[in-house]
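Notes follow the structure.
As written, the chain order gives the labels A, B and C, with residue 1 at the start of each chain.
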């Protein structure tokens, strides 16, 4: 349970707020590279700031204030003209450094204009893993961490975008919460699959967390069943052997997915899931074209009922977070043993805010270029992702899925509802399996 | 005309407000029994409180706080597990008394959990007339009044639910307003039916009200026409002979319908209409299965235009109430003779709020179990409902309806737009009439 | 750049605010005459006031408060009964002077009612150019200016209505901004037509403004191209020869269109475009039936994407204005040479507010009936509108349009997206041209 003041500090992301300043020390994924290949201009809101992202002819990007300093019109309704972003109203234009590069009518006059007084905010961008990233903090910017998963070559990557009507931190807390997996996902699926007679999965006995340079390893001890349950069963892992990871500043990495809870503003979060669907190990290794990683927008609600979808793992998480309210009220909660990770997480964020206030780098900051190559992560069962899934296991999972109809976690099903059919087909073609008659559970 | 302060007191329903406390001394209908037979969990908002209603295997119900005390997630996204309501996030569960009945991971630890510190608010429920009712006030709860109409056996009952974007009290005032019937319904229908040459109905000459134990009887004297108007004509009734009833706390009872204006919060009302469509008197008497009374959600607006529907009596009322604004501004009204009942109603509510503040029971409270059996009501023309409609009258009404096309009040047409076709057919089958070619006026 | 206080003064339109009082000295178009021929009652919001407009049997109109003084219900859900507007709830009725003309039940009582205490606000209306106009200010009302264009007989008139989610003044400022035409319309069209290789039009070199009795003449000097650009090219005009006009209080007149930015409230504007599509000069002159001028509601957004449309000139303007925010923030703008007209406009509005505060008539007030006949306006190239387009020019424009596919400004294309097909056909029939295969660019 937190005081209202502490709850506010955890939740506010605007410039000048303690958490807003902490978050401005990290890089943020804001859009798929491919999306800006299809449309050259996109309005973006990040940490409460209205911005416009544009793609230059050389494929690099600019990220500047959304409103023209001339008369305030929305630059995202303009166009890219060479390397500059042109305002549609009077043709003023700005380069990716925020400098005013053109004031056509002003320049036609005797004074030659006043470009030097008409700049906009501009932020550096970079690309990695098929995503465009932005840094909104003070110079010098840290390095964008080159985690190993962006270099793996035994999976099929896609990017899923969903905006959630709730604060980012309650989403992030979920990454330090192994117990929810048993209930929200596995038992919830069992109930949906067989409401009259659900078969609950083995129960968690204890959880554990290990902090490392880039975040936290999640561990757990789960009861060993005499008879393993139908469908998927997630067992015990010791933090010393690796686990699911909760990374600074708001990332969950399982190997199968990396999930970013990007703060749009205090009450909205852009959830970006980078899904790595493992391929059978006999498929030749190869990295996808990073500029062509497919993306899709996953729906939050069922268009027929207006209710939040709960058919897939990711949607179940969304439902739990949004169900906590636009900003979770931590003044009335009742924390227990299951919330050990959440308590740890909050404590470390309060400490990190103090570090930033003192002018120090917060945890997870990378500044050494030599160390920023293929950063190894203590993921559980990592060889599955780095080497592919043994063909035999892959075929067993396919068979089990056909039999049970249960949604699986095997790396070859989407974690969110709404996947375009052609992506399942592309994966199946690469994996060398016949198209399944029912592509998914819903 | 009221002061702004008095207007506020009439309108606010939250816990601790004078009207909120008065309303918490009555039982409130919140959902059809059948609806909870189809889905076992339903989020409910009542008197400004967020609640979740669930159905237990024995058919009884629980009504508890909507948000889990653990981490605040929405319990209505969970499931019923035996007799308890299970939170989907970490499996905590609550019984219908609000006691925490399960904390799986906490119980797996050395302390065994802290169930006794993790309860939620819980409210008693009951069923009557195919509806689930709730009581949100202090103990001991009064009895749920067993009005006679819930025992009648000569009609076909259905339940219609519509949420209105306005305060409940302006809806309730309509129940003390006989004059509106002449204009909003009858003359309005005449204008819609024949815009160029509407035939206005006979005019009201006087109105009268008689208070009784459970509310008020509406009476009126209407001009006697030399030539009765086409279609339906509602004539004079003396309060000593019974009339349309306005019951505590917000119910209108005509016999043909009972209409509840259930306060969702200060600016929203759930209108529940319990429609009793009278059958011909030669149809054998029999009470419907109370757990299977059909229900439907009636639309407020026309989906094509977005405008409020006005085709049916109930919809005309909705249009008038919503047209008064989210909360009617009674500081600018101009009351007259037609508002005698409304003035009386307000005065009695202010008195009732004072009674509650003094610790007394308000009007309409029932505490004697022996008196709470088949409570007789001074309804006008009650034999129609208790004995059925004489076959001859029924056939005349059918014929008149075919001729005039006017919407009738004869007890065999729906009072709201949007009735599912199968219900008209069910009624016609029971009544022994051939299906009419056009089932309704719209 | 303005102070926040001055920005607020420019934007607020309510009764008692400086700008609200200035605007209440002018007549405002509120609906097409034909619309009230089709529905006899229409709710209207103007200058923040909720009103109801109704049509009487003789074709004249009433404009009164929207809410009945009895119990506050929405009069726009009632009906016109003879010359009076009848409330649907209890039949009270009001004439177009705001007098209570009927209180049926009150009149049936001994007191005979209290009509004299139950009046509503009422405002005078007039019709001109196929539009219904209203005056909300103090007596004596000025005259509704009879500008010459309402008497022209060489074009096809239609009325286009679009509500915009932004303040009216930022829309009006656009009328003193010749430079935007080069960018928002011409270069924007070039980019949309040929994104990879847009051909920018000749650039503006200087702009000029001339104030006259009813507003301002826009002038400009545009670079003379050696090779004229493809499609439409808008050249230089000197203010002494006339130009596009910006009229009091919020009207842009080009001849081809008159565009009214009618303030609904502080954050919404009803844009009414009166489009005069010029006919070839060999079509016999004749004025349209003013009661039958066609109208349509033009969409603001693309229903598929939710984004603001930008295919047509008017839509491009809407996009720029809405992009400035609900109320443009003039405290952060950077004005230059291109904004000379805007600075002038603001200064003259502040002066006009002071005039009104002193009890004087503001600019553009017409009180002399003899002068209010066919008021001549200094429009650029006016003979095109008064005499029609030479058939040769008309045919050349048609041919150019077929070749380039570019959206033209020739007076025979709609300025907004969404025109009903039958209007293009009606125009083509009158103009004597074969229906074009593609009626418009989008």
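By our rule, contacts are C-beta pairs under 8 Å (C-beta built on N, C-alpha and C of every residue); 3 or more make two chains touch, one makes a residue touch a chain.
Everything numeric here is computed off the predicted structure, so don't read it as measured data.
Trainee: So that we know how the chains sit together, what is the shape of their touch graph: line, ring, star, complete or other?
Mentor: Drawn as a graph, the chains make a fully connected set, so complete.
Trainee: Are the interface residues of chain A and chain C largely the same numbers on each copy, more than half shared, or largely different?
Mentor: different
Trainee: Measuring from the mean C-alpha position of chain A to the mean C-alpha position of chain C, what distance in angstrom results?
Mentor: Chain centroid spacing, chain A to chain C, equals 47 Å.
Trainee: Can you list the residues of chain C that touch 2 or more other chains?
Mentor: In chain C, no residue touches two or more other chains.
Trainee: For the complex, give me every residue of chain B touching chain A.
Mentor: Going through chain B, the ones touching chain A are 67, 69-74, 77, 79, 87-91, 103-106, 108-109, 111, 113-114, 117-118.
Trainee: Give every residue of chain B touching chain C within the complex, in rising order.
Mentor: 177, 179-180, 182-184, 187-188, 191, 195, 203-207, 308, 310, 316, 319-320, 322-325, 328-330, 332-339
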